[in-house]
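You will see subunit A twice below: alongside subunit B first, and alongside subunit C after that.
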Partner chain A sequence: MASTSSTTAVKALSFRIVMWLFALMTIIPFGLLLLTSVKSKQDLFRGAFALPDYPHFENYVSAWVDGHFGIYFWNSIIVVVPVVAISIVLGLLTGFAFAFLSFPGKKLIFVLLTIGMMVPTEAFIIPLYYEMRYLGLINSYAAMILPQIAMSVPFATLFMASAMQQLPKDILEAAMLDGAPRGMILRKVIVPLMKPSISSLGLFLFIWTWNEFLIPLILVNDDVYRTMPLGMLFFQGRYTVNTPVLTAGAVLVIAPIIIVYLIFQRKFIEGLTAGASK
Partner chain B sequence: MKSSVLDAPLRKNLPFVLPGLIIYVAFVLGPIIAAVVLSFTKWDGLGRPELAGFGNYLQLFGDEFFLKSLRNNAVLIVFYCLLPLLIGVALAAIVSRVRKSEQLALRTLLFMPYIMPSAVLGIIWQWLYNPAFGPINQILRGVGLGALAMPWLGDFDLVLPAVGLVATWYYFGFCMVIFLTGLQRIDPSIFEAARIDGAKPWYTFGRITLPLLLPEIRIVLLLTIIASIKSFDLIFTMTRGGPANATLVPNIYMYELGFQLNRYGYAASVAIVGAILIFAVNYAVHRFVRPAGTGAR
Partner chain C sequence: MASIHMQKLVKKYGDLTVIPGIDLQIADHEFVVLVGPSGCGKSTLLRVLAGLETIDGGDLFIGDRKVNTVPPSQRDIAMVFQDYALYPHMTVRQNMAFALEMRGMAGDEIATRVQQAAKLLDIDPYLDRRPKALSGGQRQRVAMGRAIVRDPQVFLFDEPLSNLDAKLRAQVRTEIKALSQTLRTTMVFVTHDQIEAMTMADRIVVMKSGVIQQVGTPEEVYETPANQFVASFIGSPSMNFMPVTVEGERLALSDGHTLPGTADLARRVPEKGSATLGVRPEHLAVVPKDEASLMANVELVEPLGSDTLIHFTVAGTKAIARVEPDRRPRPGDVVPLAPVPGKAHLFETASGAIIH
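And now, the complex of A and B:
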């Protein structure tokens, strides 16, 4: 029947429109951000979607230099790199232990690690602040690096342990029969086999650490140590009126994440959804 | 647990376990335990903490600000959980029927907010909502709806939904992606059979699709409800809990009590109640939202 098939077509089309409307809603804030970041202050008064006469890239220079985003960027790198690298190494070691080794209190320690995954940072930030003060680490990179490694240990351990349990047993047995020490087996046999899992883990840890807000908010109050999301907040306090420079700063904060996301998006989405459904 | 060929005496196993465990205990588990202890004391951050027994907790449930923060949080669950869940399921149902390439593009796009720093998104949305020069009001005035151009974050009644909608915007794509993965897991012959039996699309959706998506619904409920209880970054950067506590949530209240008013013991008890709520939600979702009968895991 022609009429029913045309109503189905209309229906399908309207569903498609709804779908792309939601996609637009997701993308428009980012589009506006990008557009505003290349406007002059005068351009702002001509409407949100009006194009500037020419792109004002000098906003980015102001954000990077005057807005200190250059400093914030390097601080983020200085914090993220060791957190990701050390967390992966610790995750491999502890994950190896949970997958293959026996030690007393294994079940209890497992439970304690899952507690750490559930309890929000806000719940223990006060004692952590005083611990850091006692150690004299307030206003240092260590104040951001050490807790974030510790916060990554539970996830890294469980993630690595479950990936290692899926490795073919006979390869490990063969390596053991060859008389190789276990540290060597972990390094030379297991790590090469686990490259996909390790890079997924690295990706998640990179994003979480890059985005972390509470830890630097509380544990660091000197501008020279601030990381990007936090720098953004204080930048906003200083430059509320200068919207183009503010939006240029926001683009600088999220650009690295978007680039990493677009390169690895498959791995990302599959990893996160698979991780979530466990 | 059967021991593996890689196992060895305890002395040789410890070097694998201890490094991670020590740093975890030092900077996460230790502070958690300290927070629990602290929540039973009165402490201004300078002198010695004084034991207060359950005093802080008893005081909490007569504290109008704390009760207000809980009520706000209950409202926020609608925006963090319910709306993203409904939009996510509906979008997944639509997206699952389009071409593979279009599906991938939409998935990539809609998932994007979820990986962004919520603190920065809060600042971006604060600008979008700005009553004078924010794009939202500019657009509304531009299309002749100037009457709707509100001071979104300055109005006592509008601010909570305005902040909440940002959370909805943040989570609906994530929910869609989870449900899409779920739909791809379901055997298409089930839908084929339903179609041949003459089942209407809505009937199929309600009686077949939704029950089979129960594992995904469970994950989404768990993650989004917990996220609403944990909410801090977004609200802190958008409103700091204001105006006049209209967006106060427990974690913001904890921050004010601790780091502005130096009532650390009381602040710790607020934080611990938040953690207990998260455990309760976790338990409730695992206990009550479970796949019934066959078909699902």
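And now, the complex of A and C:
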């Protein structure tokens, strides 16, 4: 009896140690990034883990001003907000169709959407460039917004369809019997019930769109349209020697993602575990 | 208010025929209960009535209107679901008002109807609560309220009491019965619980494998079951069945024991000479030894307060007798029993059909 409980305790301890190791592996690089971003150049020579005498927040000011992050930040917002919003709306509509309606070619379109998710951006970036050039959209917000909506819709559709299929069937049937037309069922019944899933999808799309690199790199070459990840690339080229300012720039790039995650964290987790229990 | 008429109604799922062709007439204002075991097609039939399932053959009329292809929203019916199906993000008031808003009814009229229904169901103190803040019984009342405010031609209930505990189930059962008498609307109620069927229905429809076995008043299906299935399904505990043959002018059990006083029943047995005798537990009376048909060797006793159930085995078949509450035999005792005259039934061995 005693040996069984001690074996269980050892197993639990080992598991905890492994978990802590994984947690530290994730947290330490991020912690180092934050720490370095508030050091001076001199502080760097005292070791990676050495604390600065005082936090050098001026690194952030330098990065923001010298790295033109003010422009890149707003460009990213201008691109991300419509991509996320339009993709969610389209995902709700197409997801509803896949979840509840019968239409010709449903399976074929479903397969096409799945394939659409598998194709990497590198595979179609050249034809996309020519297409955008033909449309006269190179060096415009539209060049970044439209392709990213198209890239987000397959995932949004499958995500929304899957989430809608998990909704209690009785509630949707009750709405039908109550005389609600399809659009009203979607707006008044499904969307309010899907808030956790919509939050999760929004967060996924926000992260992907915010971090998108190749599309702005190829389709935009004017600095006034560049987004944060692209700005970081050019900033890196100019500030290779000033590591603290560079890391401050990196923190500026990822900060919005962390802030958005923290805001939607609760709903996000609800969304991930939706349907797991009654 | 409206009658319902089903003519050779068929429902299939792919190659599987769930309802092979049902004919049923439900009168205006009638409270009909569809009862049967799980998988008998009763809920499917209700969903077909609601328009939530398509019809694969035959015709369905609500009132004088053929509704085969009429969408659910235009059938003027209201349905109470097993899991209540309330909108969790809306208050009770919003839940009840939703259907009326969809009809474009004026706000004042909606408020009046919601208030009246809430008062009738005693849920007016909870109108501004969300469903999650209500108990199971209160949620069930809200589900009924949502149906009532619409003032529909037909109410459909899909096992609405199955999620409630025994005490609450009895209470809500009574409330629905009272409601049916107040509203005087045609009601179709689906359940697998024969007690609900017996206590609530004007007429009971007993179903098995998508086929109607019997339609009748609770008294009819209890007193004169159409076949062995109905006899076993209606009544609790279930009817006792014993294989019998004709020996001279009496029925005899498979162990050769003849049953006195069964000459009348024996005459009904067809020429092949074998049948199944059915006697309800409450129709087995304790009699003096010299009048006994069966000598029950008591195996188990269940005192229920109002009466006592005696379990015994007769000719290799398990059987139950319901006797007076003050009679408390012990396991191992022998109790002389005899069927109450005129209350035993005979069924064909092969088909299970009743032999009159």
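We take it that the second predicted complex is superposed on the first by the 234 of 278 C-alpha atoms of A that agree within 3 Å, B and C clash if a C-alpha of one lies under 4 Å from a C-alpha of the other, contacts with A are read in each partner's own complex, and residues count from 1 in each chain.
Here, a residue touches a chain if its C-beta (ideal position, glycine included) is under 8 Å from a C-beta of that chain, and two chains touch if they have at least 3 such contacts.
The structure presented is a predicted model; accordingly, all values stated were derived computationally and were not measured.
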*asked:* With both complexes overlaid on chain A, does A:A250 touch subunit B (first), subunit C (second), both or neither?
replied: first
_Partner, of subunit C and subunit B, that touches more residues belonging to subunit A_ = B
*Scan A:E173 for contacts with subunit B and subunit C and give back first, second, both or neither.*
both
_Touch test for A:M184: subunit B only (first), subunit C only (second), both, or neither?_
second
*asked:* Between subunit B and subunit C, whom does A:L193 touch in the aligned arrangement: first, second, both, or neither?
replied: second
*In the superposed arrangement, does A:L233 touch subunit B (first), subunit C (second), both or neither?*
first
_subunit B and subunit C contact sites that coincide on subunit A, given as residue numbers_ = 173, 176
*Name, in rising order, each residue of subunit C that touches subunit A in their complex.*
50, 52, 71-74, 77-79, 81-89, 98-99, 102-103, 146, 150
*Across the complex, what residues on subunit A touch subunit B?*
12, 15-16, 18-19, 22-23, 25-27, 29-30, 32-33, 36, 44-45, 47-49, 90-91, 93-94, 96-97, 99-104, 106, 109, 112-113, 115-116, 118-120, 122-128, 130-131, 146-147, 149-151, 153-154, 156-157, 172-173, 176, 182, 185, 207, 210-211, 213-214, 218, 228-230, 232-233, 236, 243, 246-247, 250, 253-254, 257-258, 261-262, 265, 268-269, 273, 276-277
_Considering only the defined contacts, which subunit B positions touch subunit A in the complex?_
1, 3-8, 10, 12-17, 19-21, 23-24, 26-32, 34-35, 38, 45, 87, 91, 94-95, 97-98, 106-113, 115-120, 123-128, 133, 135, 138-139, 142, 169, 172-173, 177-178, 181, 215-216, 219, 223, 226, 229-230, 232-233, 236-237, 251, 254-255, 258-259, 264, 267-268, 271-272, 274-275, 278-279, 282
*Over in the complex, which subunit A residues touch subunit C? Could you list them?*
168, 170-171, 173-181, 184, 188-189, 192-193
